[in-house]
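The two complexes that follow have chain A in common; it is paired with chain B in the first and with chain C in the second.
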Partner chain A sequence: MNYIESMITDGLAFGLPLFIMALGGIFSEKSGVTNLAVEGFQGFGAFVGAFLATVLSLKTPLGSQIILYLAIAAAFLGGALYASLHALLCIRFDADQVISGVVINILGVALTTFLTSQINGFLFGNASNKFILDSSFRFSVPLLSNIPILGAVFRNIYPFEILILILGLYFWYLMYKTRFGMHLRASGENPHALDSAGGNVRRTRFLSVMLSGGLSGIGGMCIAYSLLLQYSPSIYLGYGYLAIAAMIFGNWNIVPTFFVCIFFGLARAGGYQLCLFMKLSSRYTDLFMTIPYILTLVLLVFFSKRSHPPRAAGQPYDKGER
Partner chain B sequence: MSLKGTDTRPDESVIVELRHITKRFPGIVANDDVTISVKKGEIYALLGENGAGKSTLMSMLYGMYEPDHGEIYVRGKKMHFRSPAEAAEENIGMVHQHFRLVENFTVGENIVLGVETVKRVGIFPVLSMKGAYDRIRELSKSFGLEVDPEDLISELGVSARQRVEIMKMLYREAEILIFDEPTAILTPQEVEALLKIMEELRRSGKTIILITHKIEEIRKVADRCAILRRGKLIDVLKVQDASTQEMANLMVGRNVVLNAEKPAPHFGETVLEVEKLCVRNEDRVQVVRGVSLKVRAGEIFAVAGVSGNGQTELADAIAGLRKAESGSIRLMGKDISRESIRERNGSGISYIPEDRQKYGLFLDFNLRSNLCLRRYFKAPFSRQGILNEAEAERYARDLVEKYDIRSGQGTETQVRSMSGGNQQKAIVGREIEEHSPLVIFVQPTRGLDMGAIENIHRQILRERERGAAILLISLELDEVMELADTIGVIYNGQLLKTADAGSLTSHEVGRYMMGVSG
Partner chain C sequence: MPPRGKTLEGGRRKGKTPRGFRALFARILVSDRFGHLTVPLFCILLTLFFSGILLLLLGKNPLVSFYSFLQGSGFAKKASYGNGVGMLSDFFAFLNICAPMLLAALAFIFGYRSGLFNIGIAGQMLLSGFLATIWVGYSDLPGILARPLVLLIGMGVGALLGGCVGFLKYRFNIHEVVSTIMINYIISYVTGFYINSRYVNQISRSSNVCSGASRLTFTKVNIAGYSCSVPLGIGIAVLAALIVQFILKRTVFGFEVRAVGSNRNAALYSGVSVGRQMVLSMMISGLLAGLAGVSYYLGYTNTIIPRELCSMGYDSIATALLGSSSPIGAVFASVLITIFQNGASYMSSTVGVAREIASVITGVLLLFSACGGYFRKRAEDYLKKLEDEEGGEKA
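Showing the complex of A and B:
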């Protein structure tokens, strides 16, 4: 497999999990709740999923593929559950949403690291801070994958990539074609409009933030399965923040954000392949891995002025305010 | 004839009855034992100054607040509204003073929000907008309300947005329509169009409650008028039997001078000369495009225009809050366009900003500090960088007395806790006390009640007598007509028409404000 093809395959395997996290960010922010907590959500979701996977593979005869799907479902629930803390702080108690997001992230790292070693101590008598995951199975689409270069899109696909595409489609439908989506977008732009039209701003926002956590959790789980092959504190590498950046470049719209995420994925994988191509020692890979972050900085310069965040994002909803 | 609204006999034609409503907020009684009854198919006006409790009273009918005491009857049935949604079920609708529209939604989406129709496509519920859009077009025709459901709200002007709000009520089949200060932001032509719409609605059997402090429009459309003052119902009048003066007196509680006497002008030298001024806003859009104007000593030059036509940026550029892109600003012959704000102040500008809370005051500082803002850095208020509080206190007391600034704890009062009228008096007092050759007033009476407006207008005229050049920027056409010696109408960043105030009628000015020249 040549460098370009590897870049495409690896780029998608990273870009799609990034997209599902960014989608989570969009759901929260479009409803009017600023979400810096994507990082914490994805880590916590992945923790719950990895915990379930470890227990299942230890105690049941289930195959690793079934376990993968169950773990992803658990990551969704775990992320949503953890996100309800952010929702509670921001919506019920009108906390500052930026501070709440940061607190959620810090708490997530500490809590999951502590719990992982406690659980490992209990299960294996060894207080390691990792859950080792079975490597995910991958597949290729016959014929299509034989096309030169672009065939790489259809080669060595993780099953979760397909799942993310389906979810992306479904959540796009939810955002733009349903009553819930309409209320969600209204409560992020002008909650007073929704309230006086008979909608429920707080409930809409709460649900949106929980969905946000669930989607981010799936993203974290996928990263754990593909990039890390384990669950460990290294899940908190900042991909959640990268997803937020992608959401901003995508102007809080789902389709552009999708392309930004794929672009980030390709950039990251491209940097790695470039490093291999130039036959540089592995000491330099870390340097090349900074490419997505440098890109973020550069893009921020160009996009910041033109970005239009949801008008009411960051403001607690106060009925009486006129 | 005066009908005290205490009649509680059952009456077929009565659709809304509020009995003995009392509502308290921390520190104030917003409504004190108010009883009114509104008949089906009439336009019922609620007249009162700001803070008289009109909006609060209607907010209770609309379910936004619950009364502390008293009862609400709709069509003879006792109601306990806990939310606007519950009031909407009784066919009550309200157009708020600040529109409740989602900017990036279409007109149609805004109208159906909350009452969407959903159809099924396979297993998926999908919003169905087409039927809704058709119904909106139909309603639009039958009520003469021009709205296109496919327009984006962000592309609409205020009067179109207001029509969308009205359409929202009609789409929900509201029978009782509450309008909260609907004309505050409209041009005279738009006001007339709105009043026509109201009459059209009345003709089709709707009941309208009109909250306003403008007696003129009550005279034009309302059948009856309840007058509130400091939360109490003062009287209910039949509009055709009452005079404007009578209503004004009842509203304010004393004899009001409806039109301030304006002495003949004595113009002096040119004080401010702006030439071909261009200014860009934050989005780099040129919003002031080649404005030239001259203001002489003793002259009130009023810039009239609909909000958002560059008048704020024009004032900011002269005061130094915003950089001019090109053109010149000369104050008594000296080019000040490169001077800092403090240098300009020193050269002789006093500035009463549009947003008094954001640019006029430090809300969390006390009144004394706020009154000394123009002087604290100079002797005797400070020496070698050390403030002289005693001097500041003496000066602040002087101003409080001279300008009748009322507050809870004198000069120690935190400005945030003061009423809007007194906050504005403090700013006006502070700025006028500098005796600058040029005084810029931007929307000086925005949000103030009649008494406070009278006071500010008197101050402006006094400054004119003193010989100051006054640049007045106002969205209130009445204010412009009342005070101006010269009127410049700004439209789309350009002065479309500059003329002697005496040579223009308010209708002509209104037309220029809409961009119609000639």
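Showing the complex of A and C:
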């Protein structure tokens, strides 16, 4: 029973950051810019956040809780800033969007690794490639957390999980209920219609890609806080691609994507707990770690045929074309 | 200024050609004959400029740094050498790493020309290297049997993996980027598990080294008094580049590959079997990646670090893009990128910049290469505008 409860707790702690990254992917793709760069965005966002957290805990007397929130905000900004590079390549320079995504990922890994060792050398005198983070505090909801099994949902919650839920709601509202969201979806489905209705396709897309980077950055920061307890190149574990896969099952819609991400989280944590339950040596965790990836492939086999990506995704907007 | 009448356009545009430095520059970029050479060169110059600025910001002399990259790769003489090694040894060490890079770039190019992004090169390299290591590398077969067998295993495993991805794409419409990435991680974890539980060397924490007879690099060969490691891979790689160039340019199959790559629907309409074509080109792409894998893991490193995908799988994309996705271009591009990657440790020891800067330079190069098409288009637009203006003056 204990195993199932920790599966739920850990699964949510992984699934929700994954969801916010997938949400980032949705925002970019719905606006018509193919986004394989989620991996790079989340890493860069986490890098900026972790950098700020390290500096703040070194130079200021702020508590670790405030630092956590500031780091997440910094991750949002850092991710958005880095994403503007992808936006620039895809929208201004008409580069191939898949290539641009790959380029952004490669550059992200290289840049953050290089900068981390430079900054560490500058701050601490040793060029290590990681920023150690304070572990985040966790809390439990009284009463609700006492329910057997399902109470695990309310136990040992990371503060960012609540934040992600709030953001998820807000961005759902932004996408489906506001003028900006309408423009965003239009520029992904039929950019010429948006143009003739007086919208600005390029600006809408640019903003969406930046938002996408910001959201992915938050996801990366949360993973750095929960899974790794540090920022290091090991943040590039491929979770950004996992988020893209989740987005594809979710058919580019926010609510289904949410459930897919939670499912991924539970599957991953479940595999890990299964390994513990069967009392296998820690070597075997390597095998169980493949579960989310294999699941992704298997599910894609069933769902890819029916998927409907935004119609204009991947095509640079050309005013003169009809 | 070019002499009148002898334009670089090869006479495509008639009449008076616009003059001046900017026009000349633009014309060089759009030129049919030299465009595929000048655009990458322009990207390289931009990269050198930007990384030069970066080095200046770090307080280093960019020229000294760039020169030490060359020194580290055996293209220029170092200040001092150890006993029995010299510039030639460095150069062969450079070839040793250049070979898998070129093969991996060719793998990407073949997929790319048929419109498929093979991001799974790292995984295909790892699995073929791993299987060749455990099947042949740990056996005591003589070299004359072992080496061809290693190559065959590399090609076979890579082709199977690639074909699998192509099939998933064709049959189930799974985007190859997502599927290859997933397969990459699965391979990395599974091989990591096997290495850690069976083949690990307790001291180095990586897999046991494979036998000398199966290794694709001849170590400690004496050439002109220097001890060198001569890689078989470089010969295979250059040969592969020529063959790929021939297939793409001169055969029906290659034509169909390019047709599918440029416009899938048009190819379908004109009777090309698109599905078969996709699976086949992914297989060839995987085959080349498998060759890259064995020449990397059984030539260059001779051991496998568990759970680590080599960064070459991604760097090769940079190489391919820089070489304008032409096999011959890739030969030059892989030399350039390998100079940065391979010379990084020497540069780091002499100039004192972290060696990761090599990856940053590669990344920046990739960034500019991705904009290559845009540079060209800008130049075209500029020329058109100039021509229109001149036409207007005449009228």
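By our rule, the second predicted complex is superposed on the first by the 321 of 322 C-alpha atoms of A that agree within 3 Å, B and C clash if a C-alpha of one lies under 4 Å from a C-alpha of the other, contacts with A are read in each partner's own complex, and residues count from 1 in each chain.
Convention: a contact is a pair of C-beta atoms (placed from the backbone, for glycine too) under 8 Å apart; a residue touches a chain by one contact, two chains touch by 3 or more.
The structure displayed is predicted, hence computed values, not measured ones.
Enquirer: With the two complexes superposed on chain A, say which partner A:36 touches: chain B (first), chain C (second), both, or neither.
Expert: In the superposition, A:36 touches chain C alone.
Enquirer: Touching A:114 in the superposition: chain B (first), chain C (second), both, neither?
Expert: second
Enquirer: May I ask you to decide whether A:141 touches chain B, chain C, both, or neither, giving the answer as first, second, both or neither?
Expert: A:141: touches no partner chain.
Enquirer: If you tally the residues of chain A touched by each partner, is the higher count for chain B or for chain C?
Expert: It is C that touches the greater number of chain A residues.
Enquirer: Under the stated touch criterion, which partner chain does A:186 make contact with: chain B (first), chain C (second), both, or neither?
Expert: The first partner, chain B, only.
Enquirer: By the touch definition at the top of the document, which applies to A:89: first (chain B), second (chain C), both, or neither?
Expert: second
Enquirer: Just checking: does A:149 make contact with chain B only, chain C only, both, or neither of them? Give me first, second, both or neither.
Expert: In the superposition, A:149 touches no partner, neither chain B nor chain C.
Enquirer: Just to be sure I read the superposition right, which of the two partners does A:294 touch: chain B = first, chain C = second, or both, or neither?
Expert: Second partner only, chain C.
Enquirer: Per the contact definition, I'd like the list of chain C residues that touch chain A in the complex.
Expert: Touch residues, chain C against chain A: 58, 117, 119, 168, 172-175, 177-179, 181-186, 189-190, 192-193, 196-197, 307, 314-315, 317-318, 321, 354, 356-357, 359-360, 362-364, 366-367, 370-371, 373-374, 377.
Enquirer: Once bound in the complex, which stretches of chain B touch chain A?
Expert: Residues of chain B touching chain A: 64, 83-85, 88, 94, 96-98, 100-105, 109-110, 113-116, 118, 124-127, 168.
Enquirer: Give every residue of chain A touching chain B within the complex, in rising order.
Expert: Residues of chain A touching chain B: 173, 177-179, 182-183, 185-186, 189-190, 192-199, 311, 319, 322.
Enquirer: Where on chain A does chain C make contact in their complex?
Expert: 36, 85, 89, 93-96, 98-100, 102-103, 105-107, 109-111, 113-114, 117-118, 121, 127, 237-238, 241, 244-245, 248, 283-284, 286-287, 289-290, 293-294, 296-297, 300-301, 304-305, 307
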